[in-house]
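Following this line, the structures themselves.
Two complexes are shown next, each including chain A; its partner changes from chain B in the first to chain C in the second.
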Partner chain A sequence: MSDTIKNVEEKNGVIIISTSGYFNNVAGDDVLDVFNEKVESGSKNFLIDMNDSKVVNSIGVSILIEIIEKLQEIDGKMAFTNLAGIVEKTFNIMGITKYCEIYDSVDSGVEKLS
Partner chain B sequence: MSNNAEVELKLPVIPDIELSATKTAEVISKHMNLSEEKTGEISMAIIESCINAFEHSKTKEIYIHFIVSAKKLTIKVRDKGIGFDKSKVEIPNIENKLHKDERKRGWGLQLITELMDTVEYDSDETGTTVTMTKKREDNE
Partner chain C sequence: MAELSSKKSIEDLEKQLLKKNKDLNEKYLELETILDLTNTINSLDDLNDLFLNVLTLSSSIINSSKGLVLLKNEISNIFDPVSVFNIEESKIKKQIFNIRSGFLKTLNQKKKAYIISENDNFNHRLFESSYVLISPVIYNKNLVGAIILFDKETRKGVIDFESNDIKLLEAVSIQTSIAYQNVKLLESLKKSNKLNENIMSSITTGVIEINLFGEIEFINKEAIRLIKKDEEEVIGNHSFIIFEKNESVINLIQKVETEQERVFENEFSLKSGKKNISVNISCSPVFDDKKIFSGIVIAIDDLSKINKVKSTFKKYVSKNIVDKLLESEDSLNLGGTESEITILFSDIRGFTSMSEKLSPTQIVKLLNKYFKSMIDVVFKFNGTLDKIVGDELMVLYGVPLKSEDDTNNAIKTAIQMFKSLDKFNQRIIKDGFKPFEIGIGINKGKAVSGNIGSDQQMNYTVIGDTINLGARLCSHAKSGQILISNSVKGVISDKYKFKSIPAIQVKGKSKPIEVWSYMH
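This part shows the complex of A and B:
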């Protein structure tokens, strides 16, 4: 794990990536690295748990747009859970929520994605 | 802190230093009894203003000025850089960024505009000042 990724696990075919701290370019790149590695091994569904990332910036979030782009190419899905209010608002403004669902908990996200 | 307090910060360009400005904003917002929602919006707008200044001004430091008044919080983010032409900044749209060579970044001004009540840009070859405000409700 890195400073920005607290945990990565798989549940019912869903890769859960739990982030930690400021979601900036470093955190975005770390999530992208995990995503690429898991896609390489055949995973298509991803849940990003941001319970421990209450602050983001647009550079980090713009890396998520790259992930959305790649997921569209493989017919995969990404969703988010445990978002702080300002993070959800930022995702709305940047259009992330047009392509990704937001769930109240890890369990509900896993249930919907699996 | 009185209703007319002012706080000034001078930040060097080092990674994540913008978070020190958001900590200051949180303290000021709490003093003003601003809601958690507004505090988050102010912090995000400051982060984006700092990032823009760091990336585009080509300077080694930026200045942040918080001005508390009875009706609003005014924040000025200033750099002494090369300036920019706001009319050349395109409004970003995620659809235009997907499956195209267009860079995925470029959201800062849009976020600041949507998160704050007013935003003004004053920019020339001697620097840029972003002035943004968040109003105080009667019950705050």
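This part shows the complex of A and C:
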């Protein structure tokens, strides 16, 4: 586990990645590493819990877009939960929300993705 | 072949379009974030919240990896870190940031955003950074803070900041400076409001502020006490509703609204709960900077306390003295002080044998009539009635209020007392009683005056040798006699004729005392 990844767990076939702190280059790369590792093991559905990440920058967002592109290639799904208002707004502007759903809680995210 | 080439061109075009779209989105995000930042920071009234918001949002749009806000300490003039983003606070805790040297000195000279160069002697190792962008926070044309961002992030690692980043951070720091100024103004306003509140709640005058629409905007504690209403009920309510049962107050307000001049009413009857109390009330118009009428301030002084003092004191001194005492608090000395006083004692000769022949009711009735006529004289000449003991009166001159005529007034009192006694005797003789006979003694000298007694009972009186001698003179005085000491004789007007009589021996004095007797 790194400073930027608080927890990774699997529930009903959904990989839940909980991030922490500034979602920038470093956090984005850490999520990418977890994603690559889990995809190799056959996982296709990911839920990113950003409860403890209240600030994102465009580099962090562009890494998330990379992940979404890769998921589309393997027919996987990605969703987000517990987004701060400003983070959700950034995701809207950067177009992420066109490809991913946002859920109010981890449980509802897992239910929809599984 | 041509088909392949065309397909590749379309793909390239598609990639370029996607890239343009991404760039446009990023620009849109920058604009939105600046707008958000402006809205957010202008609604904050706490500096810590302000700087944290500035730091996180500017780091986010500029893609810096970390950031720091320094703020000038008003006492030490050293700049302290007040907000950090993605930096371990412990690392910079002991670092001194001084405006007289290094990057802050340069920032103070430039007073605009710039990228720190090698010449600025910046401690990159401290922040584990390679690139630094810094922008000032200005207040009253002085540098009061710095927003510092470190290392611009890209997908390929960190790079130096670009000119566009300088523009962006400068826009943020201008907004921050304005917000800082607003917070400072708000703080100073709150401080001055607090001071006003403290003054208003501690003064003994009730104050009510009414706005242009007739609504009560402010009321202090004393006014709440006087009008007997809750603050919540009063604030924001129309003054006519609050003073519904005080029609005369509404009349005053209307008069000020119409004439826009101050109105003052003395001994005004104000409805206070179920009671009516006596107050002095003034209604003054308030004008704004452009001298336009903007409301009314009502000031109310409760007279009931003053009246209580008046009625209490009135038993002991003349109304004249009570008014003087209330006019000038400095002249009232109720503490234990030694001062020059004149004291008059009078008592009824043969009262004990006389009282044996009368019923208790008759004695009380007669004595009350007698004292009333004597005390009227005492007050006429500004004497202070110290006490009545049995058939004896003790009267003071010179305390609690001093005047140049004190001793002459004592003499005038004594002479007038005999005249009043004659009239009193004529009345009681008609009713079949024997006439009263009195003797008077007057002395002058130093005595200690003040409130003497215990918590249960405290009386204003005087003590000392001067008093004792005054009492002895009175007991030596025969019926119809006014005896005075040398100290009295030395200061009274020549028009009062006294003759020397043989010196008398008094208890506690080794030598006989020279005494003078009034020649009727």
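One rule holds for everything that comes next: the second predicted complex is superposed on the first by the 114 of 114 C-alpha atoms of A that agree within 3 Å, B and C clash if a C-alpha of one lies under 4 Å from a C-alpha of the other, contacts with A are read in each partner's own complex, and residues count from 1 in each chain.
As a convention for this text, a residue touches a chain if its C-beta (ideal position, glycine included) is under 8 Å from a C-beta of that chain, and two chains touch if they have at least 3 such contacts.
Because the structure is a prediction, the values reported are computed rather than measured.
Legend: residue contacts after superposition of the two complexes on their common chain; A:7 is shown touching neither chain B nor chain C.
By the touch criterion defined above, A:72 lies against chain B but remains apart from chain C after alignment on the C-alpha atoms of chain A.
With both complexes superposed, B is the one of chain B and chain C in contact with more chain A residues. Of the two partner chains placed by superposition, chain B and chain C are both touched by A:22. By the document's definition of touching, both partners, chain B and chain C, reach A:63. When the two structures are aligned on the shared chain, A:114 is found in touch with neither chain B nor chain C. Of the two partner chains placed by the overlay, neither chain B nor chain C lies in contact with A:105. After overlaying the two complexes on the shared chain, residue contacts for A:36 are found with neither chain B nor chain C. Of the two partner chains placed by superposition, only chain B is touched by A:96; chain C is not.
In the superposition on the C-alpha atoms of chain A, the part of chain A touched by chain B in one complex and by chain C in the other spans residues 22, 24, 55-59, 62-63, 86, 89-90, 93-95.
Taken in their complex, chain B has these residues touching chain A: 16, 18-19, 22, 36-37, 40-41, 43-44, 47-48, 51, 92-95, 97-99, 103-108, 110-111, 114-115. Within the complex formed with chain C, the chain A residues making contact are 21-22, 24-26, 54-59, 62-63, 86, 89-90, 93-95. By the touch rule above, chain A contacts chain B in their complex via residues 22, 24, 55-59, 61-63, 65-66, 68-69, 72, 84-86, 89-90, 93-96, 98-99.
The residues of chain C lying in touch with chain A in their complex are 21-22, 25-26, 28-29, 32-33, 36, 56-57, 59-66, 85-86, 153-155, 157-158.
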